[in-house]
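Across the two complexes that follow, chain A remains constant while its partner is chain B and subsequently chain C.
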Partner chain A sequence: MGALLSRLNPQSLRILGLLAVLVLVVLFFSTQIPHYLNGRLFNRISSSVAIMALIATGQTLVILTRNIDLSIGSIVGFVAFATGGLISSHPDLGPVLLVTYSVLLGAAFGAVNGVLVAYGRIPSIIVTLGTMALFRSALVEYSDAKSITTSNLPHWLVNFPNTVLFQIGQYQFRAAFVAAIVVVLLVHFMLNRFRPARKLYAIGSNPEAAEMAGINTSATVFVAFVLAGALAGLAGFMFLARFGTITVVAGLGLELKSVAAAVVGGVNIFGGSGSVIGALIGAVLIDLIDTSLVRWDMVSEFWREAVLGGLILLSVAADTTLMRRLVNLRISREKAKFSKARNVQSQEVAE
Partner chain B sequence: MVSPVLELAEITKTFGMTAALSSMSIRLWPGEVHAIVGENGAGKSTMIKIMTGLYPPTSGTIKIDGKPVTLTGPQAARDLGVTAIYQEPMVFPDLDVSENIFISSTREGWIQNRADLRRKAQTLIEGIGITLDVDRIASGLTLAEQQAVEIARALSQDVRVLIMDEPTASLSAHEAEQLRKIAVTLARQGVSVVYISHRLEEIFEIADRVTVVRDGRHISTRPIDEVTSEGMIAEMVGREIDSYFARVPSHAQPETVLEVSNLARKDVFEGVSFNLQKGEILCMAGLVGARRTDIALALFGIAPPTSGHITYKGKKVSFQSPRQAIDAGIAYLSEDRRKFGLAMPMDITANITLATLAEFLSPTGLLDHEKERATAEVFREKLNIRTSDIGLPVEMLSGGNQQKVMLAKWLNLKPDLLIFDEPTRGIDIGAKAEVHALIRAFAAAGGAAIVVSSDLPEVLAMGDRILVMREGRQMGIVDGNDATQENIMSMATGQSDMKEAS
Partner chain C sequence: MFREEKMRLFNTLGITAALMLGAAPMAFAGPVQIEGGKNVNMVLLPKFLGILVFDQANDGAQEAHKELKNPGELLFVGPTPENSVAGQIEIMTTAATQGQGAVMLSNNTGDQIVPSAKAAQAAGTRVITWDSPIPSGEGEDVFVAQVDFGSIGKVMADMAHSILGGKGQMAILSATPDASNQNAWIASLKEVLKSDPKYAGIELVDTVYGDDQAEVSYNRALGLVDKYPDLGLIMSPTTVGIQASAKAMQDEGLCDQVKVSGLGLPSEMVSYTMNGCAPEFALWDFRDLGYLTYYTAYGLASGQLTGEIGESFTAGRMGDYTIEEDPGRPGTKRILMGPFTVYTSENVEAAAK
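Up next is the complex of A and B:
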C-alpha cells in the first residue's frame, strides 16, 4: 500500500480517492433507499451528467488559469434557445451544422469574457458576474418572451440524447452521455499531452513567473475563456436536445454547479492544478447526491440544498487534509531513502 | 564594424516624479562577462527590466545588433535572445522540473513527448552540474534547485544575452561556485553574460568588465584589471567606506534571556543547546540546508519543537503559535521578505504598524491614522528608510529599504529578543553597514539578538558568539574573538568532524 502510494502521482491519487468516495456514497444510499441500485439510477444520472460534465470541463480550463467563469449558465441558456430557434425556422439543417453553430456561438460569448479579462485586465469574477447578467438579458431580449417547445424540434434532435448506443446489462449508454465522455477524454488528453496546454497550468501556478518566462499570458487566458465558451455552447446543444422546452431561465444556476463540480473534483480554486477527469467525477458525485437525496426520506426537501452544501465543504476539507498528509508521508519516505543511500555510500567510502 | 549584441543608449525611466534611470548607456559584447555593481536602489533592477522588456523606457533607445528595437514584453525580448534569471527564482510550483524547463520553449512540437522531455531536461540539468530528479514537483525544491531550473530554462533556447540578477545570493559556497563556472562557460561560447552581485570577490573571479551605477546614472565601465575593490566601492557609494566588517566589543550583560537545551524537531534538527545573554548577539552560521531557519521558526512558535526545553526570561515556555511568542516579546524577521515579511502592495506606514495595531487605536476604537503616520515618520528618520513618501507601497522600495521597513515593524513592538534571518541577503554594502549598526544598537540598548546568516564576514563581524550548524546538528559554539573564516567553514562543512574521526 505504502509503495503504491509513493509511486502514483498526486493527481491519480486524488481521482482514486474521489472514486472511493463515489462508491461509499452509492453504498450508503443503497442501505437507505429501497431498490436503489439498478439500471434506472445509472441511466438517470448519466443523462444529466452529460451536460454537467461539459460545463465542469469548461470551468476547469478557466479555473486552472486562476480565473473563474460565472457566465457559463447564461451561455448554455442562450445557446440552447438560439439553436432551438434556428432549427425551428430551418428544420432541414443537419446535425453537424447545428452543433457547429452552438459551439461557435458559445465560443463567441467566451471571447467576450476573454477579451475583457485577458486584454482589459479586469478580474474575471467581475467580468463574468457582469456578462452572466448581460448574456441572460440578451436572451430575454432575443427570445421576445417566447419559448422553444419540443414540438418545434425535429425528431432526430429530440431522440438523440436517449438513443441507446450500447447496453451492458441494465446499464444503457446513451448518445449524449457517451458524446460528453468522449469530449472530456479528448480535453483530458490535450491537457496532458498538448504542450500549449501546460501554459494554462503555468499561469495558474505562478502568474508572475509565467510572464517572466515569456509566456503570452493574455493569449493563453483568452483561449481558456473561448474554449470554456465553446464547451458551454456544446452543453447548450445538449440542453436543448434533452429538455426540448427552453425558456428564458434555461441553464440558470449551472455556473455555480460547474464550479462546485470542479472544486469537488480536486481542481484547485487558485489555479495551477487539477484535471478534467476529476471535474467529471465531481459532477457525477454532485448529481448522484442530488438525485439520491430526493429519494431519501430522512431529509426533507428544504434541507436538501443544505446537505449538498455541507457535503461540498466536507469533500474539499477532506481532500486538503488527505493531500497534506500524503505529501508529508512521501517526503519522510524520500528522506529515509536518501539517508539510507547516503549511509551505504559512506560505508563504501569507509571501506 | 562589429556591433554590441545589446546596447542601451541614453535610457531614462521615470516613475511619477522619481527617475529610476537617467540617460543610462551600456554596451554588451558577445563573449564577455559584464558585471554590474551598485547599491540597492541604484537602478540595476530597473535596467534589467528594461533590457527584458518588462518596462518600456521613458526615453532613449535599445539596440540589438546595432538596430533599434522596441521590446513589447518578456516574450519579445526572449525571441531576440535576451533572458534573465532573478534572485528570487520564478518557478511554477505545480509543475514538475522538466515541464518547468520547457514551459516557454518554442522549439518543441505541439504534442508533448514526456520521455523525450525528461531526457532533454536531464541533459540540461546535468550540463549545469547538479543532480536533480526531473520528475519532482517544483514546490518542493530548494532555492538553489529552483535557480538551477531557471538556468536550464534559459539554456533550453538560443540565448544571446543572459542576465543573472544576484544569482548566488541564496546559494551555498559550492553551489555558487558551480554557477559562476556556468556563467564563464556560457561567455566562452559567445553568450553575453550580465552578472549582478554584491559579492565583490565573485566579480573579481569571473568578470571581464565592470560597470558601476549609482543613483540611476552610469558612473564607469572598466576592464576588470583596472579596478580595485576599494575604488569600486568608493564609486558605488560615492564616498569612502572603511571597516564595515570591524568587530565591536560585546555588550553582553550577565542576565540570561534565553536558554535552549537539547532542542529538536523530528526529522529536521536535533541537539541544539545554547544560552543568550541580555545585550548579546548570537550568530548562527552554516551552509544552505543546515536548518538554521528551522530553529528560528521553532523558537518563534511557527513550527514548534518536538522535544527539548526553552527557558525564556527564567520561565519554561513552549510557544505553539507566533502570537504567543510575540506576546512574550520575541520578534522574527524572515529571510523571505516577500512571502512572510511584508504586505507588498500595502503602504510603508501600514506595514510598520501592522504588528502593533492595538497601539494605534483612538479612544473611539478606530485606527488613528495621524498617529500611525507619526510613528512611521520616526522610523523613517531613525532607520534612514530612503523614500519620498511613506504612503508608497512597500513593493516600490529597494531590497535594503524593504528590510528596514520590516525591522521598523518589529522594533515598534519593543521586543526583548529579535531573531534576524539573513538580514542582509541581497542588500548592498552601504545598506548592509546600516543594518549591522541597527542590530548592534538594538543589542547595546539591552536587547538580545539571534542573527542567522550565510555571509561569513558578517557572522565574524557581528557575532559575540557563533553557533555553527551542519545538516540539522549543532557542531559547536565559537567565541566571536576566536572565530576565523577557516574554523567556522570547517565546522559547517563537517571537515573538522572528519579530522577528529580519522
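Up next is the complex of A and C:
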C-alpha cells in the first residue's frame, strides 16, 4: 500500500479518492431513494453539470495562479443575455459565429480582470468582487428590464443541449454534456503536455521563484483570466441554450459554486496544484449530492445548503490530511534511504 | 366587531370628514379626490432592478406622476440582484436622510428593513409597500395589495382542479423560503385545499424553492418529477419558477405527464400555454399596481390622505379604493387592487404582444 501511495503522483491519487467518494455517495443514496440508480439520474446530472464543468474549469485556471475570479457568474449572465439579444435581432446568424461571439465577449470581460490583477497589481479577490458587481450592473443597464425569451430563439439553439448524440442503454450522451467534456479534456491535455501552460503551476507554487526563473508572471496571470472569461463566455452560450429565458439574475451565485467545485475537486486554493479533471469531478459530486438531497426525505429544504457546506469542509480537510501524510511518508522514506547510505559510507571509512 | 362596524362607516366619509382627523362621522360624502400639482419627491423601490414586472410598475407610477402634475421628482431606484437585501435597506436609509416625501417599497428583506423604515417614518417619509409587504407591518403606512392574498390560494386551487381534472398530485415550486408574498400565497393555497371538499382529490405532496433563479428552479422541477413518479402538476407562484418548470418539462418530453401552472408573464409563457405544457396560469397588471401605489403614496405624502382605516379615495382612471385592515396581517393596513387575469390558450397570445 505504501509503495503504491508513493508511486502514484498526488494528482492521480486525489482523482482516485474523488471517484471513490463519488461511488460511495451513489451507493448511499441508492439505499435511501427508491428508483434511484438508473439512466435518468445520469441524464439529469450530465445535462446540468455541463455548464458548471466549463465554469469550474475556468475558475481552476485562475486558482492555479494563486488568484480567484468572483466575477465569473456575472460574466456568464451578461454573455447569456447579450448572445440572446444578438440572436433575437439577427436570427440568421449561424452557430459558429454565435459561439465565437460568446467566447470573445467573455474573454473581453476576463481581460478587464486580467489587466487590473496582473498589471494593476490589485489583489484578485478585490478586483473581481468589484467587477462582479460592475458586470452585473452593466447587465441590468443593458437589459433595460427586458427578458430574453425562448420564443425569440432559433430552434437549433434551443434544441442543441438536449440533442442525444449517442446512447448506451438508458444512458444518453447529450450534446451540451459531450461538448463540455471535450473542452475540459482539451484544457487538461494542454495543462499537462503544453509547456507554456505549466507556467500557471509555477506561478501558483511560488511567484517569486517563477519570476526568477524568467517567467513573465504578469502576462501569464493575464492570460489565465482571459481564458477563464472565455470559458465563462462559452458557459453563457450553453446557459442561454439550456434555460431559454434569461433575466438579470442569470448566473447569480455561480462564482461561489465554481470555487466550491474546484476546491472539492482538490484544487489548492493557494494555487500551484490541482487539475481540471478534479474540478469536473468536484462539480459532478456537488451536483449529485444537491440533486439527491432534493429527493431524500430525511433532509429538509433548509438543511440542504448546510449539508453541502459540510461536504466542502470535509473534502478540504480530507485533502489536507491525505497530502500531509503522503509528504511525511515520502520524507521518512528519503530519510531512511539517506541514513542507510551514510551508514554504509561511515563503515567504509572505518575500515 | 365594533371596530369593523366603525370601519364601514368610515368607508363612506368624504374629503371634509377625512381631513378632520378623528372627528365623529357626521357627513356623507364621496371618496377623497386626490388633487394634483403638489410638490412631493418620491422613490419607487423594487426588489431589484432589471425585471420586467417592476419596470411595468414604474411605467404605471410615471403615468400617475404626469397625470398629477407633481413638480417633484419620481425616482426609480433599486439594488442590483446580488445585493437586494442590503441594497434595499441602504436606499431606504438614504431616502430618509434626503427627506423624500414617500418611499414605495416592494419588500424583499422580510422584517430586516423595519428599523430603517421606522427611521424614515420618523423623518417624515411615508412608507408605502406594494407587491410584497413588510411581514410585521412595522414601519409601513399601508400596503397596496395586487390581489387579495387569500384569493390567490383560491385561484391557484381552481387552476389545479381544472388541469388535474379534480384528482392528482401537485407540488409547489416557490421563490425563496423568506419571500413574504409567496409564503402568504402558499399558506392560503393550503388553507383552500383543506377547507373545501371540492379539492379533496388534489394531494399537495411537497414545496421546494428555486430561489427565483432559472437554473435552480429548472433543476428543482426535475427533482420533483423524479421524487414523485405520479406527479401531475407543478404549481409555481413566481414568474421565474413557472417558466423554468415549463422549459424543464418540455425539454425532457414530460409535458403530457406533468403540467405547469402558477403565476407567470404572458410574454414569457405564451409558447408553453400554446403547446399545452402550461395550459393555465394567472397574473395581475403591474402597470395598474404602480399607478395605484403612486396615487396612494402621493395622497399620503401631500397630506390629502391620513391613512386611517376606512378612508376612501379616487385613484384616477382606476376608480375608488378604501384603506382597510389587512386580513392576512392583523393590525396592519392595506388597499386591495385586484383582480386576477387567468390566461389560457384563448387569451394569452393577445396579452403577450
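For this structure, a couple of remarks:
The criterion applied here is as follows: the second predicted complex is superposed on the first by the 326 of 351 C-alpha atoms of A that agree within 3 Å, B and C clash if a C-alpha of one lies under 4 Å from a C-alpha of the other, contacts with A are read in each partner's own complex, and residues count from 1 in each chain.
Keep in mind that, in the parts below, a contact is a pair of C-beta atoms (placed from the backbone, for glycine too) under 8 Å apart; a residue touches a chain by one contact, two chains touch by 3 or more.
Fair warning: this is a prediction, and the values are worked out from it, not measured in the lab.
In the three-chain model built by superposing on chain A, chain B and chain C fit together without any clash. More chain A residues lie in contact with C than with the other chain of the pair chain B and chain C. Residue contacts after overlaying the shared chain place A:247 against chain C, while chain B stays out of touching range. Applying the stated contact rule after C-alpha superposition, one finds that A:90 touches neither chain B nor chain C. Once chain A of one complex is fitted onto chain A of the other, the partner contacts of A:272 are limited to chain B, with no touch recorded for chain C. In the superposition on chain A, A:324 makes contact with neither chain B nor chain C. Applying the stated contact rule after C-alpha superposition, one finds that A:136 touches chain C and leaves chain B untouched. Residue contacts after overlaying the shared chain place A:194 against chain B, while chain C stays out of touching range.
With both structures placed on the common chain, the touch criterion links A:294 to chain C but leaves chain B unconnected. Note on the superposed arrangement: chain B and chain C approach each other to a least C-alpha distance of 33 Å. Within the complex formed with chain C, the chain A residues making contact are 33, 35, 40-41, 44, 48, 51, 74, 132-133, 136-137, 139-140, 143-147, 149-151, 161-162, 239, 242-250, 252-253, 290-291, 294-295, 301-302.
Interface residues of chain C facing chain A in the complex, by the touch rule stated above, are 48-52, 54-55, 80-83, 177, 207-209, 212-215, 218-220, 222-224, 226-227, 229, 240, 243-244, 247, 251-252, 267-268, 270-271. Residues 10, 192-196, 198-199, 201-202, 204-206, 208-216, 268, 272-273, 331-332, 335 of chain A are the ones touching chain B in the complex. Across the complex, chain B meets chain A through its residues 52, 54, 73-75, 77-79, 83-84, 86, 90-95, 99, 102-104, 108-112, 137, 140, 153, 267.
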